[in-house]
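Each of the next two complexes has chain A plus one more chain, namely chain B in the first and chain C in the second.
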Partner chain A sequence: MSVALEPSTARDNRPGTPDPGPLSTRRSTAAKAAAALRKTPIGVWIAAALLAFLVIAAVVPSLLIRQDPYVIDPATAFTAPGAEHWFGTDQNGRDVFSRVVAGTGQSLLLGLAATAIGLVLGGLLGITAGVSGKWLDSAICRFVEVLFAFPGLLLALIVIAVSGTGIVTAAVAVGVGTAPGYARMLRTQTLQVIASPYVETALSLGRSRPHILWHTIVPNVVRPLFVLATLGVGQAIVWASSLSFLGLGAQPPAAEWGAMLADGRNYIQLAWWIAAFPGIFITLAALTTTVVGRHLQQRLEAEV
Partner chain B sequence: MNHRNAPWAPTAAAAVVLLALTGCGGSASAQPADDTFVFATGKDISCLDPHVDGDMPQASIAANYLDSLVSQDKDGRIHPWLAESWKVSEDGLTYTFKVRDDVTFTDGTRFTAEAVKANLDHMVDPDTQSGTAGGYLKPYESTEVVDDATAVVTLNRPYAAFLEVLAQPFLGMESPTALKRPQAENCNSPVGTGPYKIVDYVPQSKVSLVRNEDYNSAPPFAQHQGPAYIKNLEWQIVPEDSTRYGLLRAGQVDALDLMPSVHFAEAEADKNVALVLQDRPGNPTNLMLNTTRAPFNDLRVRQAFLRSAYVEAGINSVYFGTVTQAGGPLASTTKFYSPDFEDAYRPDPAEAARLLDEAGWTGRDKEGYRTKDGKRLIVHFPYTPAVWPTAHQALVTQLQASAKQAGIDVRIETGDFASVSEQGNNFDYDLRADYWNTNTADVLRIVFSSEYTESAGFVPNGSGFRNKEFDKIVNDALATDDPAVREKLYYQAQRIVSDNALQLPLYNQASQLAVRTDRFADLTLEPSLSLPYIYDVSAVKQS
Partner chain C sequence: MSAAATTSHTGLPRTTATAGSAGRVILKRAAGSVFVLWAAVTLTFFVLRLTPGDPITAILGGAGSSPSPETVAAVKAQYGLDQPVFVQYLDYLAGLATGNFGTSYIFKVPVLDILGPQILPTFQLAGLAMVFSWAIALAFTLLTVGRGRVLDGIGRGTEVLFAALPPFWVGIMLAVVFAVILGWFPVAGDDGFKSLVLPALALAIPLAGFIAQVTRSSFEEALAQPFVLSARARGLSELAVRLGHALRHAILPGLTLSAWAVGSLVSSAVVAEIIFARPGLGRSLVDAIINRDLPITLAVVVIIAAVYIIVTLLVDVLYRVIDPRISEKGATA
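Presenting the complex of A and B:
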């Protein structure tokens, strides 16, 4: 626990009890927070702002969309970016800006869902391996090593091959693809926590093993995970887009960034905007979540 | 020739696509030497042996390493090739071929009447899974080898198109010794008597061929005799449209097929690039409507779907006028084609609405789709984007949108090649993207008659249409040589197909090659299917 997150107790601040200790702690807490904000690099601010924009696009796309992203109009196909169509139109005359915005929700949701699935699967494997001794640990480790033999995206493709295409399978596939990485990290984390003095203390206090597992080990293992997850979301978005790019994720006419990129890539000499804007947004989504995630991770590490 | 592609594992395919997109291989960095012609094909090759399965990319490469029994010229007339002469019996059931005795396969096996038997038997063997060659040979009964130079082929019914299909590279003659090997092995290294022989094959990447130095069996349509002019032929597989075109512009390949429509104007303006364009006869590019299950078992729903489709607008916008719209069940270059059915199903939203009302699809759900008994009007369309041109993918998306206007929910369900073709062969779809290139109006029998609703490999009749009257008409047309009678019969056949709204015709298939003119000359099209023919290609003298 960091000092900054230590709850300050109001009891010590009654008037007439001049106790400078806690008071100074409070002051320094606020000051530290302000200092931390000041020290936050400008890049992180930009990333956070862009991320906020993406979240708005994902949650209330109707604020930004000006044209129906699904209405085709062959007569206006391949219109260059301009006042009428900010990002131009695609080969079917659909407004690229509206489609990019409409695709934000799906892309972010896919990224989050896939990361969640990866974390849960990885967490189950990793923590189980960490807390159970000998043979189960070793069995899980070998299993994870086998999975590691496949590059993550290939693992995702295997899941797709078995269970068919679609947006839900894409999320599961990417989740499974990332799970081995999380499993290994969480096992190590679990082992560290088990070896820590507070677990030893808990043991010597006579707490039961399930109690220690749920109240001591799991919380301490899981906390750093959230930061890891922020980092993972960016990667998951890229992978999910890759699957859609290959035609294995979102189905036409869905406005999904990867699928739009795939649609536009063969027109790149004629109409660069069809592929460029979805591509830029994939990059932005991955970049912003990663920058913000990395910053949070550094903060956390500095505090610990 | 069905529309199929490599039965690749989706994982491998996807991985290769990824690699192709992300990698910057240095293999083709230098200009190839004068003695190597590099051809880039846009569609993967499932098996190099064209007897198996039978898709266009197989025939394309086969035309360069296989010879056929007979040849066809540009006007459709049949000439000798490996067969020096033949005699057809009065009843049209027996063909007696006299074959050349001085031709040898590139593995050393002699070409004899025994090879004719081995090849025809191989094509009709269910284990070969031959949708195309085997499909053409359904009237085939057996071959009797009289002596080394004489083969007698017996058919179970008159088949006026027999010699025409024999001229196609799909029915090319392979070494009987090589055919005895397991199929997988023969797929990777088939052996013919042709101008080139296959020396190496890296699936999904390239086929390397080298000149057959002993070649002595050039067909009548060739411009010279003896060995080919160019020593090495490299057949690269480059499915990515813009990559393939980029390689040509950069001079790293000498010719390509499936020229991307988006680059036509630019290629035409390039003085070092020539386009070789030829519409192909047969059944044009289309969407086949599965009549064996709801909702397309109802003629009115089929007609409504056809009325909802704005094909012309789609073709103009995404193909940039590089293809010709198809009207009826025959491509306009097919003999006995009638233009009478071109406008049978003009887009007409009011008529589509009337037909759907009449068929009982009167309800509307909150997304605007039509319903009947609370169930939405859904049309399942399994589709593998990777095996179709970019423009085709855009076109089907546009048709999906125009069907939505009519209240029809077309679900384009993209999948890998293997699963989509499995659905395609089991009538597990409502729409199937198709085409069938062949040099005769007999394509109507193959694509729409009852007999072809079943097959060991690819099922040609994707509509599942079964109609005794139609079957009789198309079989009668094979039993006569009288062009007037055949014309009348094929007219009736086209009418039945059109009246029954069995498919949505899109555009005519075409050979669309782009060729660099600065290093090599005389890339021609072999006449039976208009496929690229490298045999006569020669190096341009550098001045």
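Presenting the complex of A and C:
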């Protein structure tokens, strides 16, 4: 059960995933993939399309950007959304749409980096605990339990208190903040793999313990990580943008979503669009990664 | 303190045979909580010492000031900074035992004088947010689960959307619509219940998404149980079945999540406090981090961690009381 895990990963798998059934094992891989694609719900397709749009915005922003996101033009300040400026302009006349698109790369990268840091730290703790003897295992479990005493953003805020503000610190802070949840999950995963028939087979074949660790346990623990990461990125983006919003992460005039929101908040009564659109994009990023990640998780569970 | 809080619950389990073992389990849990609290305080104390920069500079007004060596020595002695770190740590623990959190580097007064007035507003905010999020989550569960494909899909989709919303953005949008445009609630400040509604909703809406997802799946399971069928067979109305039978089973997993929720509410209250210009612990924490006021930073972290640990313990105990089937092993997972 998942008392204090990260919320995005804490949910139970829902009933209603179509069970492939015993027949599916006889079908070819291609047919299975085609069937899986047909069964993919429409919502997942929409989420995947939106996610693809965000990825394009992150990788080749020049395809979408309509104006230089940093050039100041006071003459057009506070223009409402319209044909010329889809998302309006901000207090310095900068095109909000271009700024939101320009910020996608930084925001997604921040989420990815934080998730990667969280997974590596969590993996080191969790896998070590899982494969170690009683003493080290319980020491690590105790340590993780203590880390769980700092709920939500608190662990991330402690990291920032020590290492100062900035975008790199924000990624590390969010990564550290999510690490205890991953550590707990990966320990459980490791214990399951150790108890599985693969390890038993490898042991009976007379393989050495380090060999089993690297060739059997680690790959089987790491494989589902890809899905966990997809689920975690959305939450990491929300957390990292919260830190930027509080002035502890990316600093203005950076076109980072949280920092843009903090900036736009000052003009909210005059021009709601400056704060509204970056927030919609944070929500979109979190929503699409969650929907796609969950779908992949269900697929993975159905396969096993 | 957490040990004292639990002893009142030990008498509750149903039979005397289990009461003894349940009491022992709870005592063990309480001891574990005290250990975790001590370890959390210790970890934070030493980690915050790693902060670069001399605390003396923070105390004496920033990098620009050039105090005389005598002043520096006097300040060092006053804040105990001339002692070895380990002695400072023991002093801090001894202070905590008597409710003394030290002296603020920036305000030069006892930390509790600064934080004391901030505690209640944060807990009012977190408490109301908790009530709102449970109300929203239960409304979704009762109204949409098992009510046909369309309603079910709408409920499911809305929950996922809510869970993905960033609280600070929800706060700003609520402020625009309900305070600026409609004028139903104040834009900012701390002025009674009315000023609490929007910030509490900002925190509650994303949280409701998480809770509703958990209660939904357990409610679905409960509706498929034989006791629901037998209740229906006895001619109970749909509403009576949902409220009287299935709900109790659906709440339990959500309740476990509530301990986590209280912790995350208290620590994420900071964004609502800043958007709505409210006093509170979160706001004090962010200010203290920016001003490098270590004693206040440490104190807020310790207070939030302590509350979280105590709530986790209470929920654990409550869970046993509601559902005595839980074995010692099952509850640790």
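Annotations
Keep in mind that, in the parts below, the second predicted complex is superposed on the first by the 274 of 304 C-alpha atoms of A that agree within 3 Å, B and C clash if a C-alpha of one lies under 4 Å from a C-alpha of the other, contacts with A are read in each partner's own complex, and residues count from 1 in each chain.
Throughout what follows, contacts are C-beta pairs under 8 Å (C-beta built on N, C-alpha and C of every residue); 3 or more make two chains touch, one makes a residue touch a chain.
Owing to the predicted nature of the structure, the values given are computational and were not obtained by experimental measurement.
Once chain A of one complex is fitted onto chain A of the other, the partner contacts of A:L287 are limited to chain C, with no touch recorded for chain B. In the superposed model, A:G279 lies in contact with chain C only, and not with chain B. Using the contact criterion defined above for the overlaid structures, shared-chain residue A:L248 touches chain B and also reaches chain C. Look at A:I158: by the touch rule set out above, it reaches both chain B and chain C.
Applying the stated contact rule after C-alpha superposition, one finds that A:V238 touches chain C and leaves chain B untouched.
Shared-chain residue A:E145: touches chain C; no touch with chain B.
In the superposed model, A:R265 makes contact with both chain B and chain C. Comparing chain C and chain B on the residues of chain A they touch gives the larger count to C. Residues 153-154, 157-158, 160-161, 164-165, 242, 246-248, 265, 268-269 of chain A lie in contact with chain B in one complex and with chain C in the other. Within the complex formed with chain A, the residues of chain B that make contact are 9-11, 14-15, 17-18, 240-242, 260, 262-263, 266, 310, 313-314, 316-318, 384-386, 390-391, 393-394, 396-398, 400-402, 411-416, 419. On the side of chain A, the complex with chain B involves touching residues 70-72, 74-75, 77, 91-93, 153-154, 157-158, 160-161, 164-165, 242, 246-248, 251-253, 262-263, 265-270.
Every residue of chain A that touches chain C in the complex is listed here, in rising order: 1, 3-4, 7-8, 10-12, 14-15, 43, 142, 145-146, 149-154, 157-158, 160-162, 164-165, 234, 238, 241-242, 245-248, 258, 261, 265, 268-269, 272, 275-276, 278-279, 282-283, 286-287, 290-291.
Interface residues of chain C facing chain A in the complex, by the touch rule stated above, are 36-37, 39-40, 43-44, 47-48, 50-52, 157, 160-161, 163-169, 172-173, 175-176, 180, 210, 213-214, 217-218, 220-221, 253, 256-257, 259-260, 262-268, 270-271, 274-275, 285-286, 288-290, 297, 301, 304-305, 308-309, 312, 333.
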